[in-house]
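Next up: some structures, all given as structure tokens.
You will see two complexes here that share chain A, one where it goes with chain B and one where it goes with chain C.
Let's look at the complex of A and B:
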């Protein structure tokens, strides 16, 4: 947290949030611009005590963040954030599978921008643009979706980033609640699913024991 | 949504009782009564519904429900939300529909208002996207009721927070 605190806490990140931890553990490719003494242990392929200048390594973002803050490495924008992908996202973000690129696409991008990665401004701009483009569709799908088209819904949900999925679930839960109220299913008492399955099991066990009794 | 209905049950309606009760009822929301046969009296909706279930009164359908057709037409011709006669019209309509079967069909009214609301949310996000700074001024939404907001509220809340967080990252990255 010290690293992000140093640059003014730009990203609203929660230190203990599991999504944030997962997002930070994704790897980025870094290049050392200085040789660093006694850091050889992070490069397992080289059997050397020090890391030489120009070494290229795949490091998790949380480590890259601290190293970059000290000016030891430069970070290449990974797939999904580089210029080619930014152009794709600008053209039509709604067809891109962000789950495959992420699944914490926005959180990771936010951290990337916060550590002053090259092209940071363009990345941030593309994040905003992507979210805006996709949000309209998410809203339409989650607040209007019916059970009639489960396959399309499923395919759509598979393309969502984790935070988009959270929003989607929020929307569809709201819709479900309102529907429940409208059809008056809220105040009907019904059996818990677990109890129902318990009964089935009991019945099965009774049938089994009866059979054993007749056998003997 | 169920607590919206709970609040809506406080709405005052007129009933015609068919029983006699000389004293007043002192409730938290006010004093009601006395009840005399075939003398109209005003009571909260929850009490009216309760009495009707016991066949002790008939509820006088409010004027605005009878004028629903007119409201529906007015909404159909308007691009913005029109003012509804009651803050909790949707909940009240729902409660009334269960009591009397001969209610005018108002589903197109709900649908039209819902689609206006949704398009205004889309417009809000577009407005936020186009504005340069983080702070948005003058976002107003007229004539929307509690029950209608229930569908959109938490979704819009969360997605707008997320959107602003991303915009925050962008605005800072420019400095």
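Let's look at the complex of A and C:
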């Protein structure tokens, strides 16, 4: 979740991280504070050569970063980061559906703060506070919830941000390993995970094609 | 809009999280590279025309335009690198799971360069593993769990054919047959899902 950027020309550590890239591709609404000649090509809905002052555009975050660095646009904090949502998150973050707001809520927020968006400091504080509030519940669920309550588990997992989901999976995998150890299934030598999943896929595909053959 | 084709590549990776390796999107990659070339040429043209205009105001705007295009260029580059890098990491994972020979339906999803990379990775790994254990070699993919006994009871899950053991005898591995084999020699087949250990 570290903010990437100009760190002496070095490649940031999350350069090839998929989550970070997807977070950067999310759109934010920007307003031009200066008119720029010949920049019309970034707004394909309007067919003009120049971008006028006051134009409102939805731009991906990576482009907004470039423009904001030159002081040409102001970025409105998007839903989830604005005043109203910050208050909701402050009140009780554990009930908010961060997947819907994100799904890369923290990564996106980190980039917003890094580009000196207005209210940046408040956003940063709210991100930390949100994570702090939710972490405990994530740990609880990942270490205790079992397959006996699939609906609850599913509903909970659907609320998580992508990096929270990673934490959750880590925890529940640990739980599975401990269970395995308790049941002494560790002694058995098994097929590799990917081999098993490939077999399952093949079987499902064969069943599907058989069904299609009988239907026709 | 710039960069949208590039992000599609990344999204394709996310969608196929549970597959071993999705097909290589050659035409999409080509399109992204074409877009990058177009961006580069437009920038080149602008940079050359910039030396003719003298007004400070219009120069400022021109710099902005060039920089926006340049950032789109970098963005596309980053997406392409990430796409290929993540595929290679998955391929590496596959080498450890399936061994040196990939199943044909995965092999069909590779592009030519990836095949070359995979082969050289395999030979690198083989060289490394043969150097271990004082030059006698050791297969790092085996012995992940402490063995309980030297021989194990196994059931065959599919028709594999004849399998020659180190002592010269052959076992006919036909579907649903059971065998009593040295663990050392059949562990790989268990990992590959051909045999299944029977616990008694």
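Here is the rule we use: the second predicted complex is superposed on the first by the 175 of 216 C-alpha atoms of A that agree within 3 Å, B and C clash if a C-alpha of one lies under 4 Å from a C-alpha of the other, contacts with A are read in each partner's own complex, and residues count from 1 in each chain.
Here, contacts are C-beta pairs under 8 Å (C-beta built on N, C-alpha and C of every residue); 3 or more make two chains touch, one makes a residue touch a chain.
Not measured: the values here are computed from a predicted model.
Visitor: Could you say whether A:190 touches chain B, chain C, both of them, or neither, answering first, second, both or neither?
Guide: second
Visitor: With both complexes superposed on chain A, which partner does A:85 reach: first (chain B), second (chain C), both or neither?
Guide: neither
Visitor: Applying the touch criterion given at the start, work out whether A:63 contacts chain B, chain C, both or neither, answering first, second, both or neither.
Guide: second
Visitor: Which of the two partners, first being chain B and second being chain C, lies in contact with A:113: first, second, both, or neither?
Guide: A:113 contacts chain B only, not chain C.
Visitor: Identify the partner contact of A:15: answer first if only chain B is touched, second if only chain C is, both if each is, neither if none is.
Guide: second
Visitor: Now for A:127: first (chain B), second (chain C), both, or neither, which partner does it touch?
Guide: Touch status of A:127: first partner only.
Visitor: Common interface residues of chain A with chain B and chain C?
Guide: 186-187
Visitor: Could you pull out which chain B residues touch chain A in their complex?
Guide: 1-2, 5, 94, 98, 118, 121-122, 125-126, 129, 150-155, 158-159, 162-163, 165-170, 172-174
Visitor: Under the definition above, what is the set of chain A residues touching chain B in their complex?
Guide: Residues 8, 10-12, 106, 109-110, 113-114, 120-121, 123-125, 127-129, 131-132, 135-136, 138-140, 142-143, 163, 166-167, 170-171, 174-175, 177-178, 180-182, 184, 186-187 of chain A touch chain B in their complex.
Visitor: Could you pull out which chain C residues touch chain A in their complex?
Guide: The touching residues are 1-3, 7, 10-11, 13-14, 18-20, 58, 61-62, 64-65, 67-68, 71-72, 75, 78-79, 81-82, 85-86, 93-94, 97-98, 103, 105-106, 145, 148, 152, 183, 187, 190-193, 196-197, 199.
Visitor: Given the complex with chain C, which residues does chain A contribute to the contact?
Guide: So the residues of chain A touching chain C come out as 15-18, 21-22, 24-25, 36-39, 42, 44, 60, 62-63, 65-67, 70, 72, 186-199, 201-202.
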